[in-house]
Each structure stands twice: as C-alpha cells, then as structure tokens.
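Please find the structures below.
The following pair of complexes shares a single chain, chain A, combined with chain B in the former and chain C in the latter.
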Partner chain A sequence: MSLTSPLFFAFLAAVVTAFHISESVIYRRFVLGAANAIFIASYLNDVTQVLPLLAFLALGYLCVSALYLRQSALALALGVVAILCCYVFLKRFSFFEGLGQLPFPYLTIGLSYILFRILHIMVDVRSGDLTERIGPLAFFRFTCNFLCFVSGPIQRYQDFSAMDGKAAVQLDAAAVYAAFSRIATGYVKFVIIAATANYAFTFLSPQLLQPAGLSFLKLCAVYATVASLYTVYLYFNFSGYMDIVIGIGTLLGQTLPENFDKPFSARSFLEFWQRWHMTLSQWFKFYLFNPLLMFLMTWLPSPALTSYLGVLAFFITFGVMGVWHGTTAVFVIYGLLMGAGASINKLWQVACTERFGKKRYRALTESTAYIYSARGLTVAYFVLALTCLWVPELPQFTALVARLGFAGVVGAFAVVAVVFGIAALILDFVQTRLRIPTLAAIQGGEITRNLNLAGKMMAIVAVATLLHKAPDFVYKAF
Partner chain B sequence: MQKAEVYSKLTTVFQDVFDEDDLALTPQTTADDVDGWDSLSHIRLVLAVSKAFGVKFSASEIGNLKNVGEFADLIEKKA
Partner chain C sequence: MKYILRQSALTLLSFAFLYVLLAGASFLVFPDPSSAGPRDFQAAEQTLYMTVPKYVFLGRSVLANPDQKIILVGASNTGVGFRQKQVQSKLGCAKVSNLAMGGANISEVQQVIDLVHEVQTDQERRQNTFVMGIWFGMFIDSDVKFADGDRHRGETDIDIERYRYGFYRRTPNGPVAVLPPQWLDAGVMAIRPFLLLEKAAREARAGVNLVMTGRTSAQRTDQERESVVMSDADKQKALEYWKETMGRTNDISPAQVEVLKQTIRTLLDSGEKVVLVDLPIPAWHRDASPYEPSYRLALKGLLREFGDRPNFVSLSMDDLDNDLDYSDEVHAKQHLANVWSARLATTLDSFVCQQNPGNAPRVTTLRSSEQVTAAPQVTATPDN
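Our next item is the complex of A and B:
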C-alpha cells in the first residue's frame, strides 16, 4: 500500500474509526491485528508470497519460546544463528548466491525490521529483562505492527506491550489536532520536499554516471549537488514517513519512538548518529556495539587500548549495519566508510583531549568557528558516503569513483562542507537575531493553526499535481 | 547494600576509571558532567562496576542508564 494512495487513506480511516468504536482491550487488539494482516496482504498478488515471511515469524517465535524454557547462552547463540541464516537466505544476499533460492517470488518487505525485533526479544528474554510471556498473537502484533512494518521505528517489546490496544495516549482536542498536524507535515516533507529533491536528483544524476565530457570543476560541482540532493531526498522522505506513522500512532493510542532529532545540527559525526535513524543506531549500540566492546575490553583490559578497541568495534558495528542496508558489495563499502567516520571522530577527540586537556578542548568545541567547521565536515562526510546508496552496483560505483579521482572526491567534499557550514551559520544567525514579534502572538490562535494546516494540504495537492506522482518510500528497499 | 555504601564504593570506581581523584558523585551526575565519560569509557565503567560489586547488567540496562542515581539504584537492587 503506497503511502500516498487513496487506498492507504481509506485503510487508515477505517482502522482509526474501528479502533475507537469500543474501549475493550481485546477488541482493540483484534482491530490492530487485523489491520496488520490487511496491510501485509495489500503487498501480495498470491498467497504463496507470504509463506516465507510466516515461516520466518514462526522460527522467531519458536526461538523465543525455547529461550523462555532455557535461558542459556547456548540456546541464545543457536537461536541467533538460526534467525540470521534464515534472514540471509530470504534476503538473497549477493555474497551467498551459491545457497540457492526459493523457486517462487515472495515478499521481503518488512523482514529487515522484523529481524531486529525478534533478536531484541531473544536477547532480553535471555538476560531476564523481558519476563512477560509473549503469546503468538501479541508476537504478531509487535513484529508486524503495520505502522512500523516497512521501515521502523524499531520499538522495544516492553514499550509496545505497555500500549498494546490500551490507548495509552489520552486523546483530547489538542492531541488529535497535533496528530493530524504532524501527519500533514509528514506529507509536506514526503510529497513536496523529498519529491522535488528526487526530481532534481533524477534529472542531474545521469550526467555523472554516463561517460560524457564534463570539465573537472563542473564534475565536482555536479557530484556535490547530486549527492546533496539525494541526502535531502532521503532525509525528508524518511523523516516524513516517520511523521506520518508517529501521527497515526497517536490516533491509535500508541507513542512510537522518534527516529530523527535534527540530524543536520550535529557538531560531530558521532553526534550525527545519535540524531539520525535513532532507533536503528540505538539498537546497534545496545545489542552489538556495547556487548562487542565489553567482550574486547574483558580480553584486553588495558585502559590505553580503549580507543583502539573502540575503533575496531565501530568498524564491525557499522560494517554489519552497512551489510544490513543492502545485498551488494557497495553496502560493505558504505559500512566501512561510516565506521571510518566514527573512528576518525573518536581518535580526533582523544588526540585533542591529550593535546589541550579536557577543559581547553571543550572550550574549543564551543567556539563559533569550530562549531560550523565541524557541522560542515560532518554533513559533507555523510553526504558523500551516501553515494553508496544511490550507486549500489559495484561496477558503476567504481566507474564513478575512477572518474572523480581523489581530487574530485576531495573537491566535492570541500564544496559541500563549506556551503553547508556557511549556510548553517547564516541560518542560525537569522533565527536568533530576527524575531517577528507579532508572529508568536498569532501563532497559537485557532484560526492561524487551522489555516496553517489547510495551507499544507493545499500545497500538497498543488505540488502532487505538478509532479504527477510522488516517489515511493526510499527505505522500503533496505 | 546501603545506599551510602553504594555511593562510596561507586565514587572510588569512578575516580579510578576516569583517573580523577577529586571526582564527587551526586544522583544527578550525568555523562556530560564527567570529562571523558563517553560511549567507550562507559563500557569500561560498567565492567569496573560489575567487578567491584559482583553484579551483572543486561544490554538494555547498560544502554538506558541516564545518570549516576539510576546506576546506584540498579546496583542497590542487584547487590
């Protein structure tokens, strides 16, 4: 079901209305479960297409049930291996083509995120963090919650269970208005900003991938522009999607976790990952990075090694995260680039602390020049690393890198860093210095806020007509 | 274990891990207040605390700690 289709709207209206007919928890759970089933069914042409997904869920449930009976490390390890093998097979990773594949087409949407939910339950059951017995229907509602099915946010079962059909959010006029407003904002991001950026991206990117005679400077400029447009597209497409599902979640009594917290205001690469795709990065931190680092530190306890072990853990964590994003070798490069970014950032912090002392280093990081340089460098690194996502095939990727050469990549990096740093500086300056006194006074008014909402809807209609069609949800592919 | 005892022992562990002899802890102390308390040294800290108090922490307990107060409560519950 496409997010921008009338069918999706009708589906939502029906689910929200049905949910509020009765306050009975059993009834509401039935509505949510049925909604999930209908949502998944909308992706199917044939009932056989859903069988691998059901098998994956059944295996997950079996592993979780086994862990309730026997909370041993061995049971957890066997379960994790079984789940990962099944996942890798179903996702058809290009590295494992020799494994063969199922002889019929089937649904792979949602698998990537179901994987995280199942692994999290297994780890938490084993550690005693999750003692509540999960029934098969609750397991289905959690792993296949239609709001988070395609692309998260990744919730914890404990948080989900506290709200499951219980209307944990008190809905009054203000809350309902805020929910609808958030949904409209999400559509503005998705249908207007992301779609426009995607339009420009699609228009410009062929120039880079075709061997035509662009001059060096023009090549750098086009590459910097195309990479930036893709980043704008990705961010507004994804965060718009999140606004929409979080808004709908409120109407269904659920508080879903946030996935973005102004990522482009980050002052370091490490901070960026605390603000971008937050539920994913938190999952990796909790269930891979921390345990891995703990394992490494137990074996090599010398404090002098801390940052080197950190670098190793960053590379492994981001490497796995990269491979999770896609099934080709370019995604390994993507993971390694992210791991390198995090490692360079960490080593820089350590070197500066040693060189200047903790207090002077902190003062330095709060100077204007440092802040905007750091913001520019952070964003430029991320923007260029994202190239892996829009050139996912290795031959095209190496051809592009070869065309740009070292100088081209550094040139584009410098362009994005300088332009972004200066733009951020100007924008922040304008925002703090320029205050329109009357705006705040009328902003909270009933007429203004409704006018604002109506304006968004009008803009969505106008731009959607102009662009003919909205792009699909980009993260669906990962 | 008494709360005062937890804080006294915890302070020693913090001073040792962050190499700062005059480090004082309050329940409100967070990673922002202690120089060098980052995602890497956090793990070293958790290991040192586990060893000192003879307790184990789960993945979400380690990840969800917000301040020293929560850490001390958790230790008190487990030790």
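Our next item is the complex of A and C:
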C-alpha cells in the first residue's frame, strides 16, 4: 500500500474512525491488530507470499517463549543464531547464495525491522529488563505495527506496551492540528522535496555510469551534484515518511519515537549518527556496541587500551550497521566506510584530547571555523559513502570509482565539504539575524493555519501530478 | 474523535476555499475556449495545458463535432514540418488540427488516434482524415523507446497523461478508463486549479532559466534553427544517437510496422480517410542510416497493401532532402516547413475537398538556394 495512494488514505480514515468508536482496550487492540493484518495483506498477490514472514514471526515467538522459561546465555545465543540464520536466508543476501532459496516469491518488506524487534525482546527478556509476559497477539501487534512495519521507527516493547490499545496521547484541538500538520509536512517532504531531488538525480546519474563522455572536471562536478541530490532525496524521503507515521500515530493515541534530529547540524560523524536514523543507532548502541565494548574490555582489561577498544567497537558496530543496509557486496564496502568514518572520528577525538587536553580541545571545537569545517567534512563523508546505496552492483561501483580515481573522489569530497560548510554558515547567520515575528503571529490564527495546511495539501497534489510517478519509500528496500 | 472530525472538516473547508479561488483564477488567466473547432496543439506552451501530450489528452474533445476534420499525427517532424495555420489557410472544406507529438513512435500515434475516437460518435469519425507523418525513427518498440527513469518502462507520454490525474488506472493489461470519455470536459474543469499551479511552476522554472542562462527554454526558435548548419561531428553524433535509440542494429521494429498496418486497416474499415506521408530527412542522414533500407521495404509493403483502397492516399516528398534545409538530422527548417505545408495542403485539397486528384495544382518549392518545381506524388487515389 503506497503512502500516496487513495487506498492508503481510505485505510487510514477507516482505522482512525474504528479506533475511536470505543475506548475499550480489547476492542482497540483488535482494531490495531486487524489494521496490521490488512496493511500487510495489501502487499500480497498470493497468500503463499506471507508464509515465510509468518514462519519468521513464529520462530521469533518460540525463541522469546523459550527464554521466558530458561533465561540462560546459551538459550539466548541459540535463539539469536536461529533468528539470524532465518533472516539471512529469507533476505537472500548475495554472498549466501549457496544457501539456496525458496522456490516462490514472498514478502521481504519489514523483515529487517521485525528482526530488530525480536532480538530486542530476546535480549531484554534474558537480561531481566523485560519481565512482562508477551502473548502471541501482542507480539504480532508489536512486531508488525503497520505504522512501523516498513521501516521503523524501532520501538522498545516496554514503550509500545504502555500504550497498546490505550490512548496514551490526550487528543485536543491543538494536538489534532499538530498531528495533521505533521502529516502534511511529511507529505511535503516526501512528495515535493524528495521527489524533486530524485527527479534531478534520475536525470543526472546516468551520465556517471556511461563509459565515456564527460571531461574529468565535469565528471567530478556531476558526481558531487548527483551524490548530494541522492542525500537530499534520502533524507527528505525518510524523514518525511517518519513525519507521516508519527503524525498518524498521534491520531491513534501512540507516541512513536523520533528518528531524526537535524542530522546536518552534526559536528562529527559520531554525532551525525546520534541524529540520523536515531532508533537504529540506539538499537545498535544497546545491543551491539555496549556488549561488544564490555566484552573487549573484559578480554583486554588495560586502561591504556580502553579508548582504542572503543575505536574497534565503533568500527565493528558501524560496519555491521552498514552491511545491514543491503544484500550485495557493495554494502560490505558501505559498512567498511561507515566503520572507518566512526573509527577515524573516534581516533581524532582521542588524539586531540591527548595533544591539547580536554579543555583546549573543547575550546577548539567551539570555534566557528572548526564548527563549519567539521560540519562540511561530516556531511561530505556521508554523502560520498552513500554512493554504495545508489550504485549497489559491484561492477558499476568499481567502474565509477575507477573513472573518478583518487583525485576525483578527493575533489568531489572537497567540493561537497566546502559548499556545505559555507552554505551552513550563511544559513545559520541569516537565521539568527533575520527573524520574522509577524509570520508566527499570522500562523497562530485558526483560519490562517488551516489555510496553510490546505495550501500544503494543494501543493502536494499539484507536484504529485506534475512529477506523475508516485514516489516510493526508499528505506523499504533495506 | 470530535477533534479529529472538526479538524478534518476545517481542513476540507480550507482546501475547498483555495480550490475555488484557484479555479476562478484559472478562468481569468486562461478563459476556456469552449467553441469546438481546430486547434493548434503544437502551441500547447501558450495554453493552460503546457505540453502537447497533455493538450492532446485533455483538450481533444474539440474534435467531437460533425465537421470535416483533418487530424495530423506523427512525431516532432510532423509537428514542426506541417504548420497548422498554413495548412488550414489553404483548406476551406475542413478543420485542421495538428496532434503530432515529440518522440512519438507508431504505438503512440495509434494511442492518439484511439483517444480521438474515444470522444467521437461513429458519425463524427467518418468525417476524419488522419494525416500520418512517418519516418524510420518512429519504428521503435515502446519498451525500448520509453525506458527512462522517471516512467514505468514502455509507458508513452500519452500513458503518463492518462494516469496523471487518475482519469485512467494502471492495470497489468494496460490503462483502464476510470472517467468515462463523455465526462472528459467535466474532469478537465475539476483539475483546472492544479493545472494552474503546474503552469505557475513551469513559468517559475522558465524564469529561473532566464536568469541563469538568458533564455526561458533550451528549445531553439525558428530563427535560430534557420541558421544552423550541421558539422561532420554533429552528423556522426546524430547517427550514433539513433543507433542507440533504435534498439536494433540495422532494421526497424517489425512489430511497429504491424501496429501501423493494423491502425490504417482499422481506420479505413471504419470509413475514415488516411493520408500516409513519407517524411523526408536530409540526404546525408538517409544515405548513412542503416535503418533506411528496412524502412523503405516496410513502406513498400504498406503501399502494396493499402494503395488500392479507397480513402487511402500517400504522399512522398523525397525530393526535399537538401541537407541545408534541415536544422538537424530530422527537422525541417521554417522555410522548408512552408513547402511541406503547401504540398500537404495541395494533396488534402484534392483528396478531401475537391475529391479529384487530377486537379491538384503544381507546387513551387524552394530548395536552399535554388528554386525547383515539383508535383505532389500521389500514388493512390480515392475512387469516390
């Protein structure tokens, strides 16, 4: 069910209306469960397509149930291995082709995020953080919540359970307007900004993959532009999607976790990942980085090594996070680039602290030149690393890198860093100096704010028809 | 729930208010030319519809009338080469509309004809004369021709317009009408606010182009095209482009030939007239292209099949192949377009108006610097 299809809006209206007909928790849980089932069914052409997903869920529930009975490390390890093997098989990773595959097409959308939710429950049950017994229907509502099914945000079960079927958000006129406005803003991002960036990206990117035709300088310029356009597309597509589901969540009494917090204002690569796809970063922090670091520190207990063990843990965590994004060999490169980015950032912090001392280093990081240089470098690194997502096949990827060469990659990196750094500086300057107080006052009135909302809707419809190809949600593929 | 219902009502009311406001503005800026009759669809840019495919799709109901109609279909060289106003000025008995579309293949031409038929009664259809301008570059399979990233593979510009406003829906078997054709004008009325917004967006883009490049669009004007002389490198590039675009090594698509045959057969069987125009291209291109021989063979087959049919006539202008008369490898310059238009008008006059080809006047044609005289080569005639 596409987010922009009339069917989705009809579905949404029906779910919201049905949810509010009664305040009975049992009834509302039934409505949400049925909504999840209908949402998943909308992706199916044949009932057999859902069987692998159901099997995966059943295996997950079995593992969780086993852990309630026996909270041992061995049970957890066996469960995690079983779940991961099943996931890798169903996702058809190209480097595990030897495992074979099921002889019929089936649904893979949502698998990655279901995996995170199941592993989180298993680990928390084992650690004792989650003592509440989860029934099969609650397990289904949590793992397959239609708002988070396609690509998160990744909720904790404890947070989900607190509002499962209950109206956790008290709806009044202001809250409902805020929800409507958030949904409209999400569609503006998704349908107007992201789709326009994608249009330009689709127009320009074929030039890069052609064997010849561009001079070296033009190639670098086109590459920097295309990579930046893809990043704009990815961010507005994903954050727009999040705005839409968080807004809908409010209307259903749910508070879904935020996934973005101005990522392009980050002053380092590590900070960037605290602001980008936050629920994924937090999941990896809790369930991979922290246990891994603890293990390494136990294994090599020397205090002098602690910082470097942190670097290693960052490399592994970001590496795994990168590989998770796709099923081809290029995503291993993406993982290595993410790991390298995080490790270099951590090493830089360690080296600077050792050289200047904490106080001077902190003072240095607060200087204007450092801030905008760091922001430019951070974004440039991320923009270029994302190439792996839009050139996912290894032969094309290596051909592009070979054409650019070291000088081309460095040149494009420098261009993106400088342009973004200067743009951020100018934008921040303008924002702090120029304030338009009357605008907020105008938007405060009921008529004007509703006209503003309707204006967004009008623009969304106009641009959607102008660009004619319904935008798809990019993270659905991951 | 009451807050949700209240907010939904407020949002809908606000939306309706803006909608009515924009609809009113659209009528003020672009008054609806309600009178049925000929239209220059090539002038889409000056209308609310902006592009030829959109104008053809949304504005075709003007062709639903009992008048004698001449409807030109084909690709951009038909659009550029046959000037609606010039052809119309020489024909008193019929109303001329040029529905040619840039980049059209034969399948898309067939779609345009189907769209026209959708809004006409059987009686109105019998008043149609379709002028089909063809050349080898139109015989490309849709899956090859329409494969760029911003469309579903194989979907033509007409398909895009069908789906754009939900007038049709996409199915595995192709487009299915959601809005009955007789409701087309009402549908167009309903989307006028959005057409106006799109028009504003395009005008804004043209403004940005003007600031950035000093011109509103990359498309050359007639005056600019008049002075173009292709270099050898340009010619080589053009040949490579067509090799890449055709999707075949050295022949045209047989499937597209079949589509053309079927289209002509259907038109003739339903009592409509067909003028098949073999559009000339510059001599250098014709002689160097590997597709020309198979195109000639296909054309010969078509003429053999339909040449004797009443209501069918073909027009060849292969003497108009002077390289300097073309602005690129396909498109006639304005002065040559005048000649094309005059020749077509002469043929149509005898075929449609006088219904007596023997009276067709001879046409004086300017060929670059020399003046030549050539008669229109009518290879078949109606027998009524």
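Just so it is clear, the second predicted complex is superposed on the first by the 476 of 478 C-alpha atoms of A that agree within 3 Å, B and C clash if a C-alpha of one lies under 4 Å from a C-alpha of the other, contacts with A are read in each partner's own complex, and residues count from 1 in each chain.
In the analysis below, contacts are C-beta pairs under 8 Å (C-beta built on N, C-alpha and C of every residue); 3 or more make two chains touch, one makes a residue touch a chain.
It should be emphasised that the depicted structure is a prediction, and the values quoted were computed from it without experimental measurement.
K.L.:
Given the superposition on chain A, are chain B and chain C in a clash or a fit?
P.N.:
Superposition result for chain B and chain C: fit.
K.L.:
Does chain B (first) or chain C (second) touch A:286, or do both, or does neither?
P.N.:
In the superposed model, A:286 contacts chain B only, not chain C.
K.L.:
Should A:127 be classified as contacting the first partner (chain B), the second (chain C), both, or neither?
P.N.:
The answer is first: A:127 touches chain B but not chain C.
K.L.:
Just checking: does A:306 make contact with chain B only, chain C only, both, or neither of them? Give me first, second, both or neither.
P.N.:
It touches chain B, and chain C stays clear.
K.L.:
After lining up the shared chain so the two structures overlap, which partner does A:20 touch, if you call chain B first and chain C second: first, second, both or neither?
P.N.:
second
K.L.:
Output check: A:346 vs chain B and chain C. Expected answer is one of first, second, both, neither. What do you get?
P.N.:
first
K.L.:
Just to be sure I read the superposition right, which of the two partners does A:433 touch: chain B = first, chain C = second, or both, or neither?
P.N.:
It touches nothing on chain B or chain C.
K.L.:
Which value, in Å, gives the least CA distance between chain B and chain C in the superposed three-chain arrangement?
P.N.:
Minimum C-alpha separation, chain B to chain C, in the superposed model is 35 Å.
K.L.:
Per the contact definition, I'd like the list of chain A residues that touch chain B in the complex.
P.N.:
Spelled out, the residues of chain A in touch with chain B are 123-124, 127-129, 156, 270, 282, 285-287, 289-291, 293-294, 297-298, 301, 303, 306-307, 309-310, 346, 349, 353, 358-359, 362.
K.L.:
For chain C, which residues count as touching chain A in their complex?
P.N.:
Going by the criterion above, the answer is residues 1, 3-4, 6-7, 10-11, 13-15, 17-19, 22, 148-152, 160, 163-166, 191, 193-194, 197-198, 201.
K.L.:
So in the complex, which bits of chain B are touching chain A?
P.N.:
By the definition above, chain B touches chain A via 17, 35-36, 38-41, 43-44, 46-47, 58-63.
K.L.:
Looking at the complex, which residues from chain A come into contact with chain C?
P.N.:
Residue list for chain A touching chain C: 6, 16-17, 20-21, 171-173, 175-177, 180, 199, 202-203, 206, 251, 446-447, 450-451, 453-455, 457-459, 461-463, 465-469.
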